[in-house]
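All remarks here apply to the structure that follows.
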Amino acid sequence: MLNKLKIINDPVHGFIKIPHEILFDVLEHRYFQRLRRTAQTGLLSLIFPGATHTRFHHAIGAMHLMFTAIETLRAKGVEISKEEEKSAMLAILLHDIGHGPFSHALEAILMEDWHHEKLSLLLMNKLNETFSGELDTAIEMFRGKYHRRFFNQLISSQLDVDRLDYLKRDSFFTGVSEGNINTQRIISMMNVADDELVIDDKGIYSIENFLAARMLMYWQVYYHKTASLAEFLLVKILNRAKQLISEGYELDTPKNLKYFLYKKNFKQASEEDISKFTALDDTDVLQAIKLWQDEADMVLSYYCKAIITRKLPKTLSSSEPFSEAFIGEKIELINHHFGIGYGELFVDEIYRHLTPYDREKQPIYLLNRERKKIRLEDSEHQILSDSLAKSTTKYILSFPREILK
Amino acid sequence: MLNKLKIINDPVHGFIKIPHEILFDVLEHRYFQRLRRTAQTGLLSLIFPGATHTRFHHAIGAMHLMFTAIETLRAKGVEISKEEEKSAMLAILLHDIGHGPFSHALEAILMEDWHHEKLSLLLMNKLNETFSGELDTAIEMFRGKYHRRFFNQLISSQLDVDRLDYLKRDSFFTGVSEGNINTQRIISMMNVADDELVIDDKGIYSIENFLAARMLMYWQVYYHKTASLAEFLLVKILNRAKQLISEGYELDTPKNLKYFLYKKNFKQASEEDISKFTALDDTDVLQAIKLWQDEADMVLSYYCKAIITRKLPKTLSSSEPFSEAFIGEKIELINHHFGIGYGELFVDEIYRHLTPYDREKQPIYLLNRERKKIRLEDSEHQILSDSLAKSTTKYILSFPREILK
Amino acid sequence: MLNKLKIINDPVHGFIKIPHEILFDVLEHRYFQRLRRTAQTGLLSLIFPGATHTRFHHAIGAMHLMFTAIETLRAKGVEISKEEEKSAMLAILLHDIGHGPFSHALEAILMEDWHHEKLSLLLMNKLNETFSGELDTAIEMFRGKYHRRFFNQLISSQLDVDRLDYLKRDSFFTGVSEGNINTQRIISMMNVADDELVIDDKGIYSIENFLAARMLMYWQVYYHKTASLAEFLLVKILNRAKQLISEGYELDTPKNLKYFLYKKNFKQASEEDISKFTALDDTDVLQAIKLWQDEADMVLSYYCKAIITRKLPKTLSSSEPFSEAFIGEKIELINHHFGIGYGELFVDEIYRHLTPYDREKQPIYLLNRERKKIRLEDSEHQILSDSLAKSTTKYILSFPREILK
Amino acid sequence: MLNKLKIINDPVHGFIKIPHEILFDVLEHRYFQRLRRTAQTGLLSLIFPGATHTRFHHAIGAMHLMFTAIETLRAKGVEISKEEEKSAMLAILLHDIGHGPFSHALEAILMEDWHHEKLSLLLMNKLNETFSGELDTAIEMFRGKYHRRFFNQLISSQLDVDRLDYLKRDSFFTGVSEGNINTQRIISMMNVADDELVIDDKGIYSIENFLAARMLMYWQVYYHKTASLAEFLLVKILNRAKQLISEGYELDTPKNLKYFLYKKNFKQASEEDISKFTALDDTDVLQAIKLWQDEADMVLSYYCKAIITRKLPKTLSSSEPFSEAFIGEKIELINHHFGIGYGELFVDEIYRHLTPYDREKQPIYLLNRERKKIRLEDSEHQILSDSLAKSTTKYILSFPREILK
C-alpha cells in the first residue's frame, strides 16, 4: 500500500488519482510522453487560442472517466475485478498512443496505409513486451475480443469515455461552453445488461443533450470553416512536399520528418519505422512548415506562410457543392492576380459531413423500466434522436484573399 | 458622476453594476424587496436542494443581461439612447414584480382572475407615480407599445433576457449543468433588423442548443415528476383550505394569507388588495402549511405534512393518460388502507406539456448573409428546429405511498 | 447491493452519492428535513443575494467531503472500517442538527443555556433510539470519545470537513470567489499519524492559503459590517420582543415561536421542548418580524421594518472603540429627530473579533519528511502562519439613517 | 461603425471584444502571431499538463483586463479619452512582444544583454513605423513617460493587469485553483488619486488575498522544485551547447536557433538580428533538444533526454544552502556510477527567492476614507502585508536518479 498518492492536476476533472502502479509506468514511458508534444485538436488553436491542450492530457482524462464509470457500475451491482479495472484503464490510456502529429489526416501521408488505431495496437504490443504481458487483457479489451463487451464499448462506441472526455475537455479549452457536457451525470446513468453498456431509462434526456452538444461542437468548433481549412492545409502542405520530393526537389526538412517523407514502403512496420514514428511529434511538422516558408515552390511557401503568420485563405461555406463556373471564375482571378497558369492549385473545396447519432453503425441502448434493452430511437420518450440521426453536409470553398478587392 | 460603483455580487454573472440611479431606487423599494422572500423555482429545492435562489436575484440578473444586450447592439451600430437603455433595464427589472408567492399556479387561487403580468403592470404604474413618471417608457416597452419592437422582444419572447437568465441561473443553482447556456455567445449573436430582434445567421447552432438546453431543463427539472407533484400539491392545499373556509371551517391561518383566502371579490384591485398583496410572500404560505399539518381535515393535514417532512406521494409517469381502471384500483386500495370513502381525493393526475420552440406563436428570426430576416426553421442550416417544434405531453399519477406494500 | 444509486445534485461538489442506507434514513427524518428551512448564513442574503443556501445542503456537502477524506486516507494506507466510515459520515451529517433558526446568537434567547452543539447531541440521541443504536459510534466520534482521535478532528477542528464545506459553499453562493478553497487538494494532503489528523509537509501552502481565504471570508462576508448589523438586529428584535412580553405586552406572534418567547425554564429539555424546537425554523422568525412591523413599540417596529424592507441603519466601522462623546452626539440627534428620550436604544456598538489561526486552542499539525508531527507554525516553510495567528478586532457603530442630513 | 463584432474566445475571461481597429491589425501582425508558439509558462506543462497556454493568449487577456479597468475608472469619474484607452490597450497587448522562446532566462543566452523589455520596446518601435505613428502614446505609456502615471502602473506595477491576467490564467490552466484571483473585484476597487493608481480602502483584503494567492502560485507552481529544475535545465542545455560550439564542436541545430548560438556580438540589434529573432519560437528550441539527445557529449545528451522523455533528475529542497560535504558526496557517487571524472557537471544547486510584496520598490497605495493616499502596510486594517513583505529563499539540489539505489 502506498503512503503517497500519485496525483495529476487536471483543470477539467480536478485531481486525478493513479490507482495502479502499471498505469504510472506506462504513463512515464517515452511512447506516452511523446503525446505531450501532440496537440489534441491540431491547429484549432489558430481559431480558439485556448485549445493548446495535448493528447497526453486527454488520455489521462479518459482514463479517469473510465475509473469513475467502473466505480459507478460496481455500485449498481456489476462485478468488476481489480484486473479488469486496471486493464480497462490501460486500454483507454493507450487508445491514442499510435496517433501521429496533428490530425488523423496526416497519418495517411506519413505512414500510408497505417491508420492510427493499427499503430496504437502495434505500440501496445511493444509495451506489452516491455511489461511482461501485463497488458494482455487491456489489448483484448481494446480489440473487442474480451468476453464482456461493455469494456470495449466504454473504450470505443458512440458513448465511450473517449468522447466524454474530449468533448468536455475541448469545450473547456476552447471556451465554447455549449460542449460542456455533464460527464458525471452521463456516467451515473450507465449500466450493464447482458454484458452490454446501457443507459438507465431516465437518462434519455442527458443522452440526447450529449448528442446535441456533440453536434454543436462539430459544427461550431471541429468543422468550423476556418478550422476545417487549417487542417486541410496541413495535408495539402505535406502532400505538396512529398510530391516535390518525389519529383527530385531537395527540401530543407527536419530529420525526423524527412524519414517519413522520403521513405516509400510501409507495408510492414520495421523496427526503424517504429523508432522513428515514436519520435515524431507536432514540433517536427511545425519546424518543416516554418522552414518551407522560404522554399521556391510558390504553392508550398504560400500555404506555409498562411499557417505560420495566420494569413489564412478566404473561405465560403454552403450546404450545396460550389458550381464549376463559380470555381472557374476564382481560378481565373488567381491566375490573373499572381500571373500564373496553375490557379487551380490555390482553390480547394473541402467537405464536412456529420451524422450526430449513427444508429445503424452502433446504436445506443436504454434499459427501460421493465429492465429490457431498447434502442434510444425506440423509446417513447425520445425527442431529438430522430433529428440527430439525420446527416448534414457542408461544403467549404477556399481561395487566396488577394483576389478579393 | 458617482465616485463609487454600486455593485451586486452574483455568482452567476459575476459583478453586476447598476448604471442608473432610478434602477437603484426601484431596487430598494419595498415592492421589489419582497421578491427576496419569493423562491424563483417554488418548491423545486425539495428535489434540487441548491435551488433556493429568489426572484429578486433573477430580476437583477435579467437586468444585467439587458445591459449586455444593449451594449452589444450598440457595438453593431444600432442606436440606443440612454433613456431607452434605462427604460429597458427598468422594464425587465420589474417584469415579475407582480409575482405572488411560489408559482404562477397560486395566483389564480389568491387573486382569482389576476394574472401576474397584470399585477406587474399594476405595480409598475404605482411605482411610476412614486417616481414621477420616470417609468413611462419602461411601461410602454413592457406592454409592447413602444415603437421599437425589439425592446419588447428582449423583455418577452422566445429568446428574451428573462429566459436567458432563468435558464442559466436555475442550471447554476440546481447543479443541472446541461442547462448552463452560454448567454454571452447568444447575446453576441443578437442584432436588429427592421426594429425587430434577430440572430446573426452563424448563431443558428447556439440558438438550437439554447432551445435544446431549455427543453432538457423542462423535462429534467421544471417538469421532473416529483417537482411537478410538489407544485401541484401547493395548489391542492390552498384549494382545499379555501374550500374548507367556504364551508365554514375555521383554519388557523397567518394574517397576510387569510385576507386572500377569505376575500371573494377581486374584480377591481383596491388599495387594500394591493397593500396586502405586496406584503405576501413564501413565508406566509409556508407558515400556513406548517400550521395546517395539525388540522382535523385529513386531506389538508396529509398533504401539508407531505410538504413539510418531504414524505411525498408516489408518482408514476407515462406518455399516455392513465386508464380509469388503473386509477380506480388505486382509489380502492386507499379507501381500504385509510378506512375512508373518499379515496379519490388522494389520487391525482397531473399533466405536463411542452413545445420547446413554438414557431406559430412567436418565431425566432435569423438575419441571413444577404441581410434578410428568415425564420429559424426556414434556414438551410437548421438541424434540430423541426424536432424542437414538436409537442410532448407527459402524464403523472400520484397516490399515497402507504398503499404500496 | 442496490441497483440504483441514490444521488443528490450539488452545484458545489457535483453529484453526491449516499453509500449507506442509514444515511438516507436519517436524511429523510423530519429532524433533518427541518434544516431545509434554515439558512446556512442567516440574513447574509440581504447583502449577498445568492446566499440563500441552507444548513440542509451544507450538512450533505460536509458528509460528502468526509467520504472523500476517508477514501484518501485509505489510499494512504490508513485502515478504516465500513462501520467507521458510516459513523463518521453520520456524525458530520448531524453536526448541526440542533441548530435553531438563523444564527447561533438566537439560541441563547430561544432556549437560554442550550448551545446548538448540546442540542445536536440531544437530537442525535433521540435519533439513535429511533434507529436502534446504529448511531452509537457516530455519537462517540461527535463527542470526541472515540479512540481514534482523527475522526473527531475531521468533524471538529481548525481543518475539519465542516469548515471545508462551508467556506467553499458560502463562497460559491455569495459569489465571493476568494473563498473558493480547493477542498480536493487540502483533503489529498490529509494523513494520519498517531491517530491524529496531520497534513503532509508539502501541503503547507495550501493550508496557509486556506487560513488566509477563511480570514478573507470573515472580514469580507461573515463580518461584513452590514452583515454583522443584520445578525445583530435579529438578536435585538427577539430580545426586545421577549422583554415586552415579560412586561406584559401582547405581541402577535406565530404559535411555534411563541412557545419559546413565553416559556422560561429550559434547564431540562422536556419532550415538549424538543417537539417544539424541532418544528421551529426561519419562517417562524420571519413571520414574527413581518407581523411586528405594525406593533406599537417603536423600537420593535423600527427594526422589524429595517429587516423586511431592507432599510438598514447606517454603520461606521473602526479598529478602535467609538468614543462616548461621539456616541452621545448620535443619541442626542436621535432624540431630537424622533422627539423621544430613549435614543440610546437606537445606537448600537457591535464588535467583531477574529484569530484566523488559533494555535493555542487547537494547532494544525504537519507531517514532516522525517514523518514527525510538527505544528504548522514551527515549520521552516511557514510564511503566513505568524500573521494569521494574530487577532484582529473591529468595532461597528450603527444608528438610524434619519439623522444623517 | 462595424456591424460585426470582432470576438476572441477565452475560457478564462469569456468573450473578448476588440474595440479598436489598430488592436486587430497589431494582433494579426506576424510579430504578434509568433507568440502563439511561445508557451506562457515554459516547461511547466511537464508538471501541470494543462499549462500549455501561450503568451499570445495572455497578452489578449491582459488587454481585456485593461479595457475593464478603464471602464471602471471612467465609471468612478476619471476622464479617459478614446485615444488613451486605445494606447493603454496597445501597450499591454505588446508588453511581451519581445519575449523569446520559453523563459526570460534564455534571453541572456540567446541575445546576451538584451532583456525582453528592451526587445519589446524595439519591436514596438518597428510596429509604430509600420502603423505610421499610431503607437506613439502606447510607447510613452509603456516607457513610463506618459504624464498620467496610472497608465504605466496599470501596465507594470505590483498590481498591474499583466499580473492579474497571468495569475488567473495560469491558475486556470494548471488547475491550481488557489491562484484563481477575482480580477473583477480587484479591478472594481481600483481608483486614481493624483494621477496614480490606488485601491479603494475597503478593497484591502482583496489585495492581501491577491498577494497571498500570488505567493502561493510562486511556491506551488512557478517555483515548484521540479518546475524550477526544468527551467534551469533549459538554460543549462543551451549554455552547454553554446560552450561546445565555442569549442569547435558541430552540433546539429535548427537553422533559426543556430543563428543565435553562433553569433557573438549583439550590442546593436541589426535588421538581421530582428528578423531572425521574430522568427524564433519554442519549436526551434524543442527541435534542438530533440536532436541533441543523440549528441556525443554526455552532459548535453543526458539533459536533453531528461526533458524529452521526462526522466528528470532527483531534486531535494531546503531553506538552507546544501553543504559542500553533501554535494561532494553526490559528485563522488556520480563519478563512480557513470565512470567519469566530471560529476560536478551533473549536480546543480538552484535557488529561488521571493518577496511577495516588495514595498520598497513599488508600494501599493490605498485611498482611505478621508481620500488620502496611504501605503498598504500603513493601513490600520492590514493583516497579512507584514508577512507578505518578508523574503523567503529556497535551495533546490538536483542530481541524477541513477545514484539512488
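By written order: A, B, C and D. Residues from 1 in each chain.
The rule we apply is simple: contacts are C-beta pairs under 8 Å (C-beta built on N, C-alpha and C of every residue); 3 or more make two chains touch, one makes a residue touch a chain.
For each chain, UniProt lists the protein as follows: A, B, C, D = HD/PDEase domain-containing protein.
Note that the structure is a prediction, hence the values are computed from the model and not measured.
Using mean Cα coordinates as chain centres, the one most removed from chain C is A. Of the two interfaces, A-C and A-D, the higher number of touching C-beta pairs belongs to A-D.
Chain A and chain B have centres, each the mean of its CA atoms, that are 42 Å apart.
Inter-chain centre distance (chain A to chain D, centres taken as mean C-alpha positions): 32 Å. Centroids of chain A and chain C (each the mean of its C-alpha atoms) stand 49 Å apart. Among the residues of chain C, those in touch with two or more other chains are 14, 176, 185.
Within the complex, the chain D residues that touch chain A are 8-12, 14, 28, 30, 33, 36-37, 45-46, 48-50, 52-54, 56-57, 60, 172-176, 252, 254-256, 279, 283-284, 286-287, 290-291, 308-311. Residue ranges of chain D in contact with chain C, taken from their complex: 176-178, 180-182, 185, 205-206, 208-209, 212-213, 215-216, 219-220, 319, 356, 380-381, 383-384, 386-388, 390, 392. The part of chain B that touches chain D in the complex is made up of residues 1-5, 7, 14-15, 17, 19, 72, 75-77, 184-185, 188, 191.
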